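Chain naming follows the written order as A, B, C and D, and within any one chain the residues start at number 1.
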Amino acid sequence: MTIPLRTPDGRWRLWPGLALIAALAAGAAAASGALGRYELNVLTTMLCYLVLAQAWNILAGYGGLISLGVSAFAGGGAYCVALLASHTGAGLPLTLGAAPLLGALAALALSVPLLRLRGDYFTIGTLAAALALQAWVYNWDFAGGSVGLSVPIARSPDLAQTYLLACGAATLAVGAAYWTAYSTFGMRLRAVRDNEEAAAGLGVPTVRYRLAAFVLCGALSGLAGGLIAYQQIAFEPGGMLGPGWSINALLMCVVGGVGTVAGPVVGTLVVYYLLTTLLAGYDAVSLVVEGLLLVLIVRFAPQGIWPLATRYAGTLLVRMRRTA
Amino acid sequence: MSAAVVLNGILLGGLYGMSAMGLSLVFGVLRLVNMAHGAMLVLGAYLAVLITAGTPLPLPVAGACAVLLAGGLGYVLQRHLLTAMLVRGANGPLVATFGLSLIASGLVALRFGSDPVSIPTALGTAGWSLWGLDVRAAYAVSFALAGVVAVALHLTLSRTRLGAAVRAAAADPRTADLIGIDVRTLYALVFAVASALAALAGLLVGVAFSVSPQSGTSYLLIAMAVVVLGGIGNVLGTFAGAILLGVVQTLAAAQFGGGYRDLVVYILFFVVLAVLPRGLFGRRLT
Amino acid sequence: MQEDHVFNGDGREAPELIVRGLTKRFGGVTAVDDVGFRLPGGQALAVVGPNGAGKSTLLKLLAGAHTPTSGSIEFGGRRLERASARQVVRAGIALAHQIPRPFTGLTVWENVAIGAGARGRAAEEHIAAVIAECGLQDKMRRRAENLRLLDLKRLELARALSTRPRCILLDEVAAGLSGRELDEVIALIARISATGCGLVLVEHVEGVVQSLVDRVIVMDWGRIIAEGTPAQIAADATVRQVYLGDGARPRTAARETPPARSGPPLLRLEGVDLAYGDIPALRGVDLEVWPGEVVAVLGANGAGKSSLAAAISGAERVRSGSVRFGADDVTALPAYRRARRGIAHCPEGRRVFPALSVEENLKLALPLRMPAKEVAGRLEDVYAVFPALAEMRARRGGALSGGQQQMLAIGRALIGRPRLVVLDEISLGLAPVVIDGLYEAIEAIRSEGIAVVVVEQNVHRCLAVADRAYVLDRGVVSYAGDPAPLSDPRLLERLYFGSPREEALSP
Amino acid sequence: MNRTAILTALLPALLLTAACGAGAGQDADAPVVLGASLSLTGPLGTIGRPQQAGLERLVADVNARGGVQVGGVRRELALRVLDNRSEAAAAGQQASELILKDSAAALVGGCTPPINTPIAQIAEKNRVPLVTSCFPLGAFRDAAPAGGWTYAWDFHFEETEQARVLVEAAGLAGAAKKAALFTDNEVDGVIQRKLFRDAAVKAGYEIVGDYTFPVGQSDFSSFVNDAKRAGAEVVLGQMIPPDGIALVKQMKSLSYTPKVIGIAKAADTASWLDGLGELADNTVHNGFWVPDRARPATAAFLKAMEGRFADTASLGIAAAAYSVGEVVADALARAGSTDPEKLNEAIGATKGAFVFAEVAFGPDHTSPTPVTAEQWQDGVTRQVFPAVEGVTLRTPPLGLE
């Protein structure tokens, strides 16, 4: 007997979607030869942002926990890569393996105080943790203090390799988000988000699920941070451990649609491409435009662009069918 | 040496308290983490500079105008944008206030560029001797003002009928509405007062130090730490938390070197939040 | 796993549930007081009693959502009084809540799958079977937030069933349903019961109780006051009294001369529809109140009484129809503006501000601009009606007893000198002697010429003071007019519990 | 209902196509692109804008002469400027963009080590030459990858000189040999703190106060009180303008009157005067440019820039940026090619006088330029060390009397 593609309630089973994501990723990776060096670089950056956004989305969209501490994990990953590469001479596989591990461990450690907090308190707590880490690294001479660190150029991958790695990381992140959206784990995580008490009443170990989402988010963010380190080569605590990463991840998810797999992809495209590329020359104006966009979206499309677009496309389809 | 350091920390705490008062009020009453608080603070200072430059008004009058303008802006924003989102819940308002802060800092940068602005007045450079210790007049004045504002806010909230209405609207807006309290106007009023206080804090920061379009974030973070230390919506607690933060900051700087100042502050912030999420000085406003 | 064991876990015989001396205190309030019973495996037990009797708390204690202050719960030889909700579910006890609490962002299928635990083909079959049994197979792809009330009730049941319970706790799953819908749910519960699954049922709708259970316990004030078969309980006079309020005060207090209903009515509702999401609460309700009269609004739980109160005061927006007050159409006005025009609403559950003092609570309802002197005068007026409040003026609202809080809530409604007061369930959970005091206050209010709408479960009390009465049945006015005929319990029962289930009432 | 899932899957493909703009082709006579990531806004905006002005002037001047002779073809120069908002991460990202998208033949640097380091590393990684003038040499050397720089070139002052000059200028006041240091904990501050210390000790000072703080720190009161109590008569500092302004205000209000205040970075530009008014007077700071007015090119530059800037520091920054362009243009002509390797080699062989200074890169890719001490006097800055006819060091700082 063949395994049906869909669950009895009509949702896709996991494997077709994951297979599709893997196929697309393979396609994207195969296209690297056809891309110019600039496109490779831009896409790498975008894919790194996509990883961060999906990590944030898993925690916030499916777990209901809004984090402003992305920099603690992403920055942790970046520092982990740079320190390992420059001090131990470890190669790419080892350093990029260690980055998500560090992110996961950091999340595990922070979960003890943070996961007791709810709502705004959790959000502020993550911010405090990230800021404390930044303040500490400023004084940590071994990690370069305020000067920051550089990854040895000789040991860093070239543009095409970085792009392939970013494709891999993005596949992992989108796959993880897809898995969270469609698996039993994600289903229970969403149940905990919607009504913690009722979920506990149905036998779901709520704390464990929140923890899992937090650790998954930390690991993916750490991986993204490691890639960013290889791409940026040189970084310092002000940028790498500042709140900018959290804000961008939040922005991309809110703009695209929190709690959907495609939302962060759309959000990454819009926020990164439109704002940092098209408006690059108009710094202060781009701030104003960014702010306006955010306010307008939460005011008029609080679900984000993607759900709005699918709903619109859906009604359009129905109308077309009727007229046909 | 430590007496001078502690006194300086206490007085500096006054300035921090001023910066945090509005954030605490909005968090306590509206349950809203106002990410635009820092931007409003910066806007207050720039508005004062703009008014002084564009009109013949003397600085104190211009400052008062800036504070009032900020209050009016806050009223309009809350009334026509944020309340509807608050009613809907979720994280809309937080993101919206963040968007507002981007707009505000973008506009300030467009109009003034990125150079720091310092509000020129004798207060910024005057100094007094208290108990044989030299202190800055700007700190002492900020401390006194913050103390007066904290006590006045506390008394208003705890002793007057308006304050009771605010507390009622914070605790249970539906019932408050039912017994004849105009909750939307009250919310807008609270946000207006908070914005005006932020602008006043911005003026004091501009007088004591200087302000640039980017300073909003650092004062927002300081204010958040103060609010968490002091207990959300507890104005006297906010004042006390600010003093504590000021003292801890200056002591940390004196003890470990200035580089460790932020580290100690954020660790304190984090630990208090993790251990005593309701703050060191007790309950919420309600 | 076979289909026929859908409801009953793995098909083993359901164990016995033994409860001894169960007590739960919240602060100073004892919600459940020394409750004990035995439920042999597979039997069905109903818990009945007025609102606030502690029935829902009892179920939450059994389900592990609350931890008891003292007492023990034993299920199949396991002690569960200290177990978490999760452990209780694992042990085989599942709770279906009174107000459905679905995971709104999940589909029906997923909602059921949460409790089903394991993965794989067998689990999917189990989920499908539960969904089919609960009649949700056409809707399993829908998100729970888009379901109507009946389906939400079904989903609540399905979710409880998904955990393969051996004893299921049902908290008013029939509330708000009627007619065919009610029959369907009763049939479903009957099927569950027939599989040998234990059943504890909290229910107001007597038809449900009578047709389903082996035994009934009656609770009031957190204690068990009667126990027996459904027939015994139906015949029990104390139970009747608890249920329909004490008939202690005969209808003598009513005025000899009812107020003249000349001129236009003070309040007029026309064709009012009100709904919460998809769930209708009021359907085409007409209601009129003339100045100076007391109008009683009666009806069973979930009949729409509080919704009617909310429609009058503006706490809820009506879907259609109009609300006129005096000469004006106030349909579009928010509650606070209606309050300023003279409609005072004393909400169910008192809703006193616990952190504010008694005096602050009272002053809240006065305009801020009112001079201090007049404020003081108004306070004295209220203290004259409720002298007990004067002694407590500086105390925090949260520190008052239930009766004092209710006085405060009424006083808060009166202090603004309204022309109309809506009193919603003021006798809820209060001792009879306290209720006497409150009803005396209603007389005092009427004597001031203020119109009063009394929304009540305590029928006899209420009828004793009413000039006219309305009875609501599932959102529709089923009686309007003279209160006297309602003293007949049979008429009242029929109006309350509706005609479609009459046959269940009279065996 | 699985439109969502399908569309989800299609998105990465969309993302791919959307991001692929047309790559810029490179014709033989197309303009040669110089790419710059400058801090036009943010805390470093006061430095980025003069840099932009200097670079634009150079490009205009070169093109007015018909461009650069590159291997038999005259090619114009084109300047592409991006604003990094004073953020290091953005600077690195923009450096990539300038190289990869705009096919910049060479990068011309931004300012300060945090901004320049990622730019230099990206240039290094992509094997495109970078010439910068606003990267103190010590920090430039420290930031080098193992084995030293290959593509990055820097002409600027030595921090040791900068510190020495300030200390010597302070010595002119005849103050007691007690000094207090105020340095922030970012790169410049960390380096300068050590150098101030060395230079001051060498000049016979006792360091009675050594205060560090994070950037954006505004409260210095306890430090000021401490320095006052310790009797420090010379204050040496390195910080950004907002912090510097806050420091002087606090010194004034706590009636701390040292004989000399020497502040690097913060006091350089006109924002010092704007922020402090008459309090700014008599603050000593570094000067980076002593224009050789006798040179026609320098005179022309000064004439072109007349009235553009309120202070000499900004003028110097503009001149340095101008010369960065000169160095690249000169190397282009000598290399006769835009090939990065050849161009890089030609840059390394630079030797000559430019508007800003004489430049000849050493083996560590640096070329030191002179540094002076200047003092704000009546709203303008005047060189006080090395001594100039008719200008004497004024003391104590006027506003602090």
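Please note the rule applied: a residue touches a chain if its C-beta (ideal position, glycine included) is under 8 Å from a C-beta of that chain, and two chains touch if they have at least 3 such contacts.
Here the structure is a predicted model, which is why all the values come from computation and not from measurement.
Across A-B and A-C, it is A-B that has more C-beta pairs touching.
Once the centre of each chain is set as its mean CA position, subunit A and subunit B turn out to be 32 Å apart. Rounded to whole angstrom units, the spacing between the C-alpha centres of subunit C and subunit D is 74.
Subunit B and subunit C have Cα centroids separated by 45 Å.
Annotation for subunit B: residues touching 2 or more other chains are 109, 259, 262.
Within subunit C, contacts with two or more other chains are made by residues 141. Within subunit D, the positions touching two or more other chains are listed as 1, 41, 185, 214. Here the touching chains pair up as A-B, A-C, A-D, B-C, B-D.
Looking at the complex, you find that subunit C touches subunit B at residues 313, 315, 334-337, 339-340, 344-345, 347, 351, 353-356, 360-361, 363-368, 375, 412-413, 416.
Here subunit B touches subunit D in the complex through residues 1, 4-5, 8-9, 12, 109, 113-118, 120, 124-127, 133-139, 205, 208-212, 214-215, 218, 249-250, 253-254, 257-259, 261-262, going by the rule given at the top.
The touching residues of subunit A, counted against subunit C in their complex, run 7-11, 184, 187-188, 190-191, 193-195, 197-205, 259.
Touching subunit A in their complex are the following residues of subunit D: 1-5, 7-9, 11-16, 18-21, 23, 40-41, 82-83, 85, 87-90, 92-94, 96-97, 100-101, 113-114, 117-118, 120-122, 124-125, 142-143, 145-146, 185-187, 189-190, 214. Residue ranges on subunit A touching subunit D, taken from their complex, read 6, 10-12, 17, 20-21, 24-25, 27-28, 31, 35-43, 45-46, 135, 138-139, 145-148, 150, 152-154, 156, 159, 170, 174, 178, 232-236, 238-240, 244, 260-262, 265-266, 268-269, 273, 280-281, 283-284, 310, 313-314, 317.
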